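Look for chain A in each of the two complexes below; its partner is chain B in the first and chain C in the second.
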Partner chain A sequence: MIQFANVVVYNYQYLLDPKVAGIISKEMEKECVVVFDEAHNIDNVCIEALSVNIRQQTLDGATRNLSQVTQLIEKSKATDANRLRQEYSRLVEGLAQRGNLAGTDTWLANPALPQDILQEAVPGNIRRAEHFVAFLKRLVQYIKNRMITEKVESESPVSFVTALQNQAGIDQKSLKFCYDRLHSLLLTLEVTNTDEFMYIQTVCDFATLVGTYTRGFTIIIEPYDERMPNIPDPVLQLSCLDSSLAIKPVFEKFQSVVITSGTLSPIDLYPRLLNFHPVISNSYKMTLTRDCLCPMVLTRGSDQLPVSTKFDMRSDPGVVRNYGRLLLEMVTAVPDGIVCFFVSYSYMDGIVNSWNEMGILQEVMQHKLVFIETQDVVETTLALDNYRRACDCGRGAVFFSVARGKVAEGIDFDRHYGRLVIMYGVPFQYTLSRILRARLEYLRETFQIKENDFLTFDAVRQAAQCVGRVIRSKADYGMMIFADKRYNRHDKRSKLPGWILSHLREAHLNLSTDMSVHIAREFLRRMAQPYDKTGKGLNATLLSQADLEKMEKK
Partner chain B sequence: MEMAAVTVRAKFLANPKDVGVPGVLMINVQGLKWTPNDPTAGTVLDVKSSFITSHQCSKEVPNKKAFMKVTTDVEGRSYMFEFQNYAERAPARDALSNVIAMNKAGAGGSAPTPASASTAALVKPASSGDQLDPAEMGRRMKLLQQDPDLLKLHQQLVGGNILSEVDFWATRKNLLEDEQSGVQKQRTGLRSAMLADVRPLTDGRTNKVTFNLTPEIIHQIFAEKPAVHRAFLEKVPSKMTESAFWTKYCRAEYLYRTNNRAAALAEAAEDEDLADFTRDDDIIAKSVKHKIQRVDPTLDMAADLNDDYLSLPGHGVLRDGAKESVEMIEGGNRTRTIIHDINRHAAVVLEGTPLDTELKDTTTVAHALERARLKDATNEVADRGADKRRTERIISMTEMEDLQGPPSSSFVPLTIQDPRKYFDSQQAAGFEEGSATGLTSMSADSATLLSVFKSQLNNFQAGRHRDPAIAPDLAFKILTDVTQHIASSRHTTGTAAERNILDSLPRATRDELMQHSNTANELLRHFWAAYPLTNKVLAEKATRLKDAMAQLYSRIQSMKESAPADVRHQLSRLLQPLFQTLDAAFSHYEGEAAKKAEAVKRARIAQRPNLNIPLDEMAS
Partner chain C sequence: MMDMDEREVPLQLDFEDDGVEEDEPMADRGAFERQYADERSWEELQEDESGMLRVDVAQQQRQHRKRMSAMAGPRIQRGIIRYLFVLLDFSRAAAEMDLRPSRMGIVVDCVEAFVREFFDQNPLSHLGVILLKDGIAHQLTDLSGSPETHIRALRSNMESTGDASIQNGLDLARGYLTQIPSYGHREVLLVYSALSTIDPGDVMETVQECKKANIRCSVVGLSAEIYICKLLCEQTGGMYSVATNEGHLKELIMEHAPPPAAQAEMSVASLVRMGFPQRGAEDAVALCACHREVKMGGGYTCPRCKARVCELPTQCHICGLTLVSSPHLARSYHHLFPVSPFEEVENLASANGRQSLSKSCYGCLQELPTPGGKVKGVRLECPRCRQHFCFDCDNYIHESLHNCPGCESNSVILSQLSQ
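After this line comes the complex of A and B, so read on.
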């Protein structure tokens, strides 16, 4: 189908994840123009695409899968031994010559594999099916043993492979071939429901990645989540640290690749993260018919005490109450929909409970209905649907959501669905996370990006992403409140995208709750006036051909 | 004195313990008349209005019968009536109090009973034409309750016998109609407050906590927690009493509220009824499956949940700084949190179908809710337009407002109720026009039509010139006056002119002033409507109104004089137009009266030679 289509729209993963890209995107031609839209999170997607996590249930499942495979092999031997023998001889010839997997663009089909292994013959110790199964059993057993640990362990792929060689007799070269060897085996055994063999596939993915890359990855074994130390949940994570690895094949294969988003800011950081040299890098201004954006930075509550979600302040009841008063003042002043973003689910949960106990939530409900995003997608969808209906019918509603959540990424709160967005706090990542720390270290060593710069960049882009939900067109209008004293600092604020910064006036910085309510009322009154859509020249809502040409000349 | 006749169903009770004989009670100015439905069951009761001395009504207590006792001064006899409900009794009671009030006025005034009888006779055809039904009466009462200003006016004018009930409402037909149509059109939704979230009250001394449940709260509990509703329908009253049920519920709530999860679960294990409240709500889960298919496709996140296969186990990073643990969802049995409660509550409010029955007791609430739910379910099945609405929704969501061109000029389509009539009349007019100009409308070309139109237009303008609505010089004078007045007030009050002068007055004065002006306007409206005085009733009415206005005039005057010195000037300026209009009315009345006197005098002169002048002319 893809060959006949003019435009193909799909998820990033279909192009970036080697496991899927090989199946779906191999027919794309060199001349195709690849556009990554909403690419502000592209580095994270790249990292996810090349990362694998193994949990206890993965290993249990893998063991089950292996015994199933053994049974299949036995059956196959009894009925059609010839097939296995044929596979063996194919594997001797090398992967590239295999009839069942090869395509012309093999390297795209498998960007995780360097070119040379494709021509190499599969190592002798895993060519025979039963040998390969035994090999995998040893691997699974080894990982199982490694996961029984009391403390967090972190090591590089090189040392992991060395340890594997010494303790389980598994060599690096065989590891490299695991993914394709399994694939070939499953094909040979005519397994159709590959979903059932998901667990062993995960283990093989892991093995291939560990065997292939010596740099840009880290292996972290955690016995529990640091945020919940009392729940044992051991996990082995092979985390990619270098987002340029996954996107590299895309840059190499396609002539033109466009990376675009409303919140690519600061724009010069992305080429460094993805390790490429942009031919054109430009940040465009927005032409607006009228000042339909009103960003504000709120640093103090109505009692003039600072508000923040900084770790030492976030549980302070004064801050919680001030945040609540802010919402309460706003629901009385702003019509239709209001969206509130919190830094995390756990923080939102805490806030909702405290507001409920303080009676703030009940007061808010006298003005607008309240809907809350949960981690259950179905419930969130229904809440969103109800939220929209509440806005449609004029009752008005407030939606509580979470930065980095699904709603913040994909749902628009344009027009009356969102007249105001309140961003409570700066959505920093959980900085004590091992993987984040490993990544920060890698960024510092490899790309000379400072830890704090990256963290701030990441938090501010998330915040900008959240508040950007409020406006979708020039005919729309909306307010944005950054409710944290830290936004007043230049290093945070300057990382906001240009289209927000250009509307962030000096007078709208360092506000307290009452001042922001005043500004909000003023803004809403101004926006309620009729305006001339045709505007003057470049301010027109709908630009004409001539206008565009004029812009180009400039 | 006009008064609408009231007719209601009522049982007559010979003595208070009697079952009563069903019949129809009619009350009008002449008195009350009760006729039994079954002519053989009892005799017709007929009490003249002049005999009725007082009436008593039983208190309005739900589930109690509506009684009314009428006492007469004939041997101290009294009659007991029982009405179907309080709503039906209200008009009868009002009518009867009117009758009694009229009696008193008749006895106190110089006019004896025959006079009121004669007025009643005069009015009778009108009032029998629009006989008041209880619904109409109820609407009036409701309007009066809602609008305190109107109530005051009503008390002053109707209560003070200046205006009749019918006259008073005749000018307010639109209000009544709004009220009536409002009943049909708009349903009020549910309130947003979380009533189901009952908070226990502690008395602070003992360990006792109290929960207060009202039918409204219970309705919300049932709506938000279908499991509780189901349990109630199943168990009450067959297995346990209602109070036992709610005690159990409150217990479960209390344990949940105090975060005593373990205790709640322990009790639930022992008591299966309690388990119903703590258990996950399977009914909600079922309805969720159903609803998710109907959500707005542009925000259906559940649909593309597995699109990014990163949610499959093994892919991507499980734990890093940006992600939060998924234990909460993977735990299997979702625990009830305040967040779920809030979402559920908001959804219920939004669906909001308030029950059509009154919230009286819990059993009726439970059953009514069940009925409503069944109805919804059947409606949903029958709802075939859903798919179409979905597509419409997608289109409206994907459309960008600012990328559309300028909208085509908006117009209101002409709706002709009876097209045939309309076009026939048009054609007829065309033929007439055609025959007048010697042309048929079919063959008339645009040039001739234009010339015809032009000539008509010229005639028309000429006509206007000859007879302007107001003399131009007079209009100009008034305009100048007004302008000067505004300018001078601007000048004297300076920037404060932007403010309403009314706001600067003390509150009590302002209220009084407003009330007086309302009364004056009402009186004036009726006064002017009474002219020309074609019959005696109207003349009487005009006199009555004039007297009332005179009283009002003096009241306003005294108010002005008693006002504090600092506001007196403002007040007099405000009152000036009011006085002017009242003065105009008085002078008109006097002028008319003088004319009438003149006419009477002339008539007397004319009477001498000839006595055949009809009475009507005299009145006019």
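After this line comes the complex of A and C, so read on.
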């Protein structure tokens, strides 16, 4: 169907994830125009497309799958030995794949990029089905042994493969063909219940990637999650560090690629991350009839104490109280809906508990109803639905959400659903995560991007994304409060997108709670006055036929 | 008489200044500065030859006329007989002091002035007051035609407690308004200071029922724009405005005093029975129907049932006939047939050899500005009788008198001549 359509709209993964793109998008012609919309997270998507995580249950499942495969082989030998022999001869001739796949067999796709798949014959030691199964058993056993470790280990794919060769006798070339071989074997055995074989497929993905790539990946083995050291939860992570790998085939194949977003800032970082040279790189301002945005940077409470979500300041009762009073004062001044974003679920839990103990939450509930986002999708949907009903009928509501959650990525709070958004703190990623540290090191070595710069860029991008939920049209208006003293510094403020910075005046920086309440009241009164939607003269936002013709002549 | 002080520029008219570019944002300045932002009257001062200061009077007058003309509308059918309920929000939010002396205080002041103006401009109408507090709606006064009742009741009930409920207020008003005769226009004016409404049920249903019952609901907000109020006004055809300061609040409430445009459904012309009672002699003694007491002298007798009422306009307590006197009708008349706006006379046009310009204003006989003369200002002309008037007379004629003296005396002279 894709060949006949003029416009195709689908997920990023269908184009970037090699496992899926090879099937769905290989019929797209070179002359297509590819547009990545809301592409501020595209580097993360590229990285996730090429990363594999292996846990204990994956390995257990893989062992089960292998015994199932052995049984199937025995059965097939007994009934129709022809098929296996045909497969063997095909492999000798180098035809690793048996023609086009049916569209639904997405799970059997090759995890490596198309150009990296060697067009060679499958090596001899895995051509026979029994030999291949034994090979996989050795591999699974080796990984199991590696995961029994007391401390965190981190190494590059090359050293992993070398160790694998020394200890289990598995060479790199065979690793590269793991996927192809497994795919062909399962097709030959005419396996229909493909879901059960997810585990062995993950292991083969891992093996193929490890065997194919030497640069841009790292393997990290963690015996337990650092936030919960008592629970053993070993995990082996093959994480891609270089986001340019997944998007390279897209750049090479298609004639025009456009990357666009409302919060793509700073804009010169993206070409470096994705390793391409943009033909045009442009940032457009919004034309508004009236100043319908009011961003503010709040750095202290009414008692002039600075507020922040920095680790050492987070649990300070003064800071918690100031944040609570900020919410309370805003709730008495702003009508309809207010949205609050916190930096993480644990922080949100902690601070809401403290507010409850201080009695602030009860006072807030007297003015507006309170709704919270949880990690459960159904609960969150219900909370959102009731939040909208409360805003519609005039009761007013506050929505607590998390900066990297589902709500921040997708849900709009336009018009009366979001008159004010408060960003509590700077949403940095969990900086002690090993994968993140490995990625930062790689960026520093390869692209000369400083760690601090990248972390700040990532955090401010997330904050801008949260805050941008509130304005969705020119007739809409809303206020944004960045509640952390670190936003006042130039290095963080300058990374905000242009459309926020152009409305962020000097008078709205470094505010305390009472000043921001005053500004909020003035803004709301001003915005409630009638105005001419089309604008006249300087503020013209509605172009007439004559204007368009004039612009065309220029 | 309209306030002549042009310093009082309400914020909403800032956007229609004559081409003066606002390159600085308004929010950076203080409240007092905003009032001067458009005008900068100190820049208009100029010095004449002897070093004395002079102000360009003509420019100021032109600006004022421009503002006033923007507010006057075309000639449309209006609802003269209005039954209006004023819903006042006396909840906790009304005790806030961001408007001096408190929100409740300034609202009561404005509503008092509004009530007087309302009966002045709509003598045939009725007004009632409902208070919203503690989550319930109390009816303070019934629908009646006497301003003093309402004002006295308001002043004696000034406490603000609890929450405000729009649904309860609207339901109560609707209950009364559905009982009035069909020729009356049903209206509700809600002065709302809270930011939310605590309702017992679904307020959207109430909005739909008000729309079905043809009640035109308008809201004047004191804090910020609330979605439910906006929805209410849009659905019922009313006006939603939010006040920025005390002066603006008064203006917004006063805007509801002149009768609004009639809605399409109500424009079926129906005949309304009215009585024009005679005033009784000074020594007549009768039992008064409104107070149930014996009264000496004065009073009016209903032509249908001969009951005695004390004051007009009112409804007869015995037979329900609307009793009015002719000046009341005349006062309503001018809404339907307003005086056409006067045009400015360009002084240069007189050089074309037409008859010489009259030296004094037809209304007050004061000197009019002439080219090269000492008096500065604008000269205005009535399009029908072609008489010239000064700026003050123009204001007076259009706002209070509602009759042009030139047109009136023209017909008198013509009729005299024909005798």
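FYI, the second predicted complex is superposed on the first by the 514 of 554 C-alpha atoms of A that agree within 3 Å, B and C clash if a C-alpha of one lies under 4 Å from a C-alpha of the other, contacts with A are read in each partner's own complex, and residues count from 1 in each chain.
What we mean here is this: contacts are C-beta pairs under 8 Å (C-beta built on N, C-alpha and C of every residue); 3 or more make two chains touch, one makes a residue touch a chain.
In this text the structure is predicted, and so the values were computed from the model without any measurement.
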Between chain B (first) and chain C (second), which does A:368 come into contact with in this model arrangement: first, second, both, or neither? both
Looking at the overlay, what does A:237 touch: chain B (first), chain C (second), both, or neither? first
By the touch definition at the top of the document, which applies to A:505: first (chain B), second (chain C), both, or neither? second
Look at A:395 in the shared chain and tell me whether it touches chain B only, chain C only, both, or neither; answer first, second, both or neither. both
Across chain A, the partner (chain B or chain C) reaching more residues is B
Applying the document's definition of touch, where does A:531 land relative to chain B and chain C: first, second, both, or neither? second
Using the touch definition from the top, say if A:136 reaches chain B (first), chain C (second), both or neither. neither
Once chain A of both complexes is superposed, is A:377 in touch with chain B (first), chain C (second), both, or neither? first
Let me test your reading of the model: by the given contact rule, A:225 touches which partner, first (chain B), second (chain C), both or neither? first
Please indicate which partner A:335 is in contact with in the superposed arrangement: first for chain B, second for chain C, both, or neither. second
With the touch criterion stated at the top, can you tell me which chain A residues are shared between the chain B interface and the chain C interface? 367-368, 393, 395, 415
Quick one: which bits of chain A touch chain B in the complex? Just the residue numbers, please. 11, 13, 20, 44, 47-49, 51-55, 57-58, 198-199, 201-202, 205, 222, 225, 227-228, 231, 233, 235, 237, 239, 289, 344-346, 349, 352-353, 356, 361-362, 365-372, 374-386, 388-390, 393, 395, 397, 404, 406-407, 410-412, 415, 429-433, 435-436, 439, 458, 472-476, 533-534, 541-542
Contact set on chain C toward chain A in their complex: 11-12, 15, 21, 25-28, 98, 166, 195-199, 202-204, 221, 223-229, 241-244
Complex contacts: residues of chain B adjacent to chain A: 189, 192-194, 288, 291-292, 295-296, 298-302, 305, 307-310, 312-329, 334, 337-340, 342-343, 346-347, 349-350, 400-406
Chain C contact footprint on chain A (complex, rising order): 291, 332-336, 367-368, 391-396, 415-416, 419, 505, 507, 519, 521-532, 538
